[in-house]
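Presented below are the structures under discussion, each in the form of structure tokens.
In what follows, subunit A forms one complex with subunit B and a second complex with subunit C.
Then we have the complex of A and B:
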């Protein structure tokens, strides 16, 4: 379930006055099992990149291979590709449309050729996976659910088609703190059994530091960094130029370092606490 | 300071299926003129309902709300209230009415029948205030999210408001856009004495406000200075909020027996740790 992108470029409205280079000669690979975070300011090319991964934008320059599907070939099997790569857009609750939750979640698998029975089974399983009470919600209108519940239904709609790779564009945007936490825990729990690889765009550096095991940093259509979060956040020079922020734990450790108090690069609050305590004990 | 907004025992209910939901329940709150107030609470706690009550977009089922002394149920004064209380919402694309930035700003004052020269003055002033004057002839859809929200704030400013309500106005923005909007709001509060009511899910944005109001099930769970509010560990947890990272770290260190104060920002945590060392 690996993804290989080689020398990918993309230009919006080419050969017009509105020409805009969105992706500029990008190459990277994602191995099965990775949770990859993608960060970068608005307009850096993140969404354009992920829309390439399931063929919503056709490759015009460069190569992409997803599993064994070559997206640059003349007629790639897009149906197979899209059932492999589940895509959750920003504010996915806006794309709910059916009159009941159950019908909404069945829509994907039915379109991928599941039988009615198989689609219903997949929908039920997906709704349970995202932590909704199936009997409670199946016949309700998705529009009368809360914001967090709607987003769960939207995710179930993607999961029901049994993708192997899950691509999420800002999955926690607009959620309250508890909703954010639940969403991230859900994504973490989904990974393993059926979902092998997760790709997640986020503006929240605390989230990226805690949940991603590899990070791509995009700026002006280029990948300017591709590394483990600890290595990434250890080198803070880049953050001033790109308009990105450091995660709080890293910001605190950086401020402490400037005061001669070295605690490494903690990626979450627990590491921060442990490192502070170790350092305090050590200096006693 | 006098109160720009007074909310007296206000309730709002609506029907859902066969049960009655109390969106706002017997809420009493005063907002001081010129203050910067953050409203926190989980989804469905009544934050946005409260915002709508403040500019008469929604009227209470019981109780009264006064904006600068005007009762919001006074229909004849509804226009006055709405020009005194301006709102900026989550999605910048939903609140742009024109294709060119300065036209977008002129829309509000034009509807009030304000003379042309005065509109020109107001539009220029508002755009300069949010730092978008040099972009005034650009198309609204070509802006970044943070720029769009600054234009939306400028459109509110062109109405000469007393109160600016930001209803999760930074939720869809990247870190740079969020800073732009928050810096603009702070500047308007400090320099123009505009009262700011900030509804947000980002605890970071609430650490330097004058007052935090925490809503839960349509009632005020607690209110006070950021420090007073974030020291109430049980209330923060029970109302679905979280602590700023520095605050949580200081609380946990205190739990482990370290003698440091409860802090709100990364900088103050570092300061406290260096004192201890």
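Then we have the complex of A and C:
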């Protein structure tokens, strides 16, 4: 279930005045079991990159292999690929279309060749998994649900096809703080049994610091950094250059460091507090 | 969806781009009138020359213009074929059962194909060289006299510019929705016609939902900023006729005169050379 990308490049509208290099010679590997965060400013190529992983954009230059499916081959098995790689787009609630929630969630599994019964079972399981009251929502129209509920239905629609790899493009955008937390906890709880690998684009550094165990930093179609979040956020100079923000906990530790109070690089609020307490006890 | 060439603006720094959009609108109308006035092959020469020089002056790549024609190539071929077989004029060249080709029919079909080609290529030069905003501003200005008979000219113009502005947004939206449904295993290029049309339902429904949502949000936003179309609004970019616009008008007038008069003069010129 690993992903291997080598020398991938992609240009939008080549040979026109609108030409734009979206990806510029990108190489990386993701092993099974990793939670990979992708960060970078708008237009840095993050979305283009993940659309390649699902064969939504055909590879024009370079190689991609996902779970032993070679995407550069002439006719890759896209159905199989897309059933293995679940993709949740930005604002996924805008792709809901069916007249009931249940039918919408069944759409994916039925497309991937599940039998009607298997699809319905998978849909029910997925709806319960995302924390919706199944009997309550199954026959309602997806358009009359609240924003947060719609997004859960959209996620269930992806999960119902039982993917092994989950790719998320800003899953928390537009949610309130409580909704954000619930979403991230949901993603974390999903990983393990059936979903092995998670790839997540985010603009929120706190989320990346807390949830990812590896981070790719993209800038102008290139990968400028590929490291563990702690190593990444320890080197502040890169963030000053690219204009990316730092997690709050790292900001606080940097301010403390400037005043001679060294607490390392905490990746979340709990770590920050623990480190401060440890340090204060140590200095007593 | 992104590769639709017809009706797309092609940014470049050229005389044609800089022309007053009102003048360009008038020029296009004159050009189209010229194309319809053509009744012999020889009159196509000034039309083609006029079009070619416009394309060269505008710095729009020829490939782009070709692409705009590509979209209607099917219609051109279809109408030409119909014309070849249904016009039975003059000598029969070839016949097979009820299918008859005459040289008169061939001539009519060729003229029609040329006319369609020149029409599409010419009108797409307007959209290649004028921004949607430019076109609506020009239209609004040309239609100003209609205000006297209480035609809501400004409302029409703003509706048009909003429509034009939303086309790329909706195309982008379609792309996104198609991708999202493809990721859920939808396929749009397999099965029979009915199956394919059905396959687009999961795209069309979210598209309509989002188009209505956007329209609603835009209306609220305009309302919130007290948008009012009835007062005399001022413009950021005032349209002004310059010297180059007059020159363009002059050249176009000559073009129209040539198109009309060439069939009359051509026999005389031919006579002159054959003597």
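The rule is simple: the second predicted complex is superposed on the first by the 284 of 284 C-alpha atoms of A that agree within 3 Å, B and C clash if a C-alpha of one lies under 4 Å from a C-alpha of the other, contacts with A are read in each partner's own complex, and residues count from 1 in each chain.
Just so it is clear, a residue touches a chain if its C-beta (ideal position, glycine included) is under 8 Å from a C-beta of that chain, and two chains touch if they have at least 3 such contacts.
What you are looking at is a predicted structure, and each value in this text was computed from that prediction instead of being measured.
Comparing subunit B with subunit C, the partner in contact with more residues of subunit A is B. When the shared chain is aligned, subunit B comes close enough to touch A:179, but subunit C does not. Using the contact criterion defined above for the overlaid structures, shared-chain residue A:42 touches subunit B, although it does not reach subunit C. Touch criterion met: A:89 reaches subunit C, while subunit B stays clear of it. When the shared chain is aligned, subunit C comes close enough to touch A:112, but subunit B does not. Judged by the touch definition given at the top, the superposed model places A:237 against neither subunit B nor subunit C.
By the document's definition of touching, neither partner reaches A:133: not subunit B, not subunit C.
Touched by subunit B in one complex and by subunit C in the other is not one residue of subunit A.
Interface residues of subunit A facing subunit C in the complex, by the touch rule stated above, are 13, 16-17, 51, 54, 56, 79, 82-83, 86-87, 89, 92, 94-98, 107-108, 111-112, 143, 157-158, 161.
Looking at the complex, you find that subunit C touches subunit A at residues 2, 10-12, 64, 176-177, 179-187, 201-203, 205-206, 209-210. Across the complex, subunit B meets subunit A through its residues 16, 41-44, 90, 144-146, 168, 171-177, 201, 203, 240-242, 244-246, 248-249, 252-253, 256, 258, 266-267, 269-270, 273-274, 276-277. Taken together, the subunit A residues at the contact with subunit B in this complex read 41-43, 90, 144, 146-148, 173-181, 203, 205-206, 243-245, 248-249, 251-252, 255-256, 259, 261, 269, 272-273, 276-277, 280, 283.
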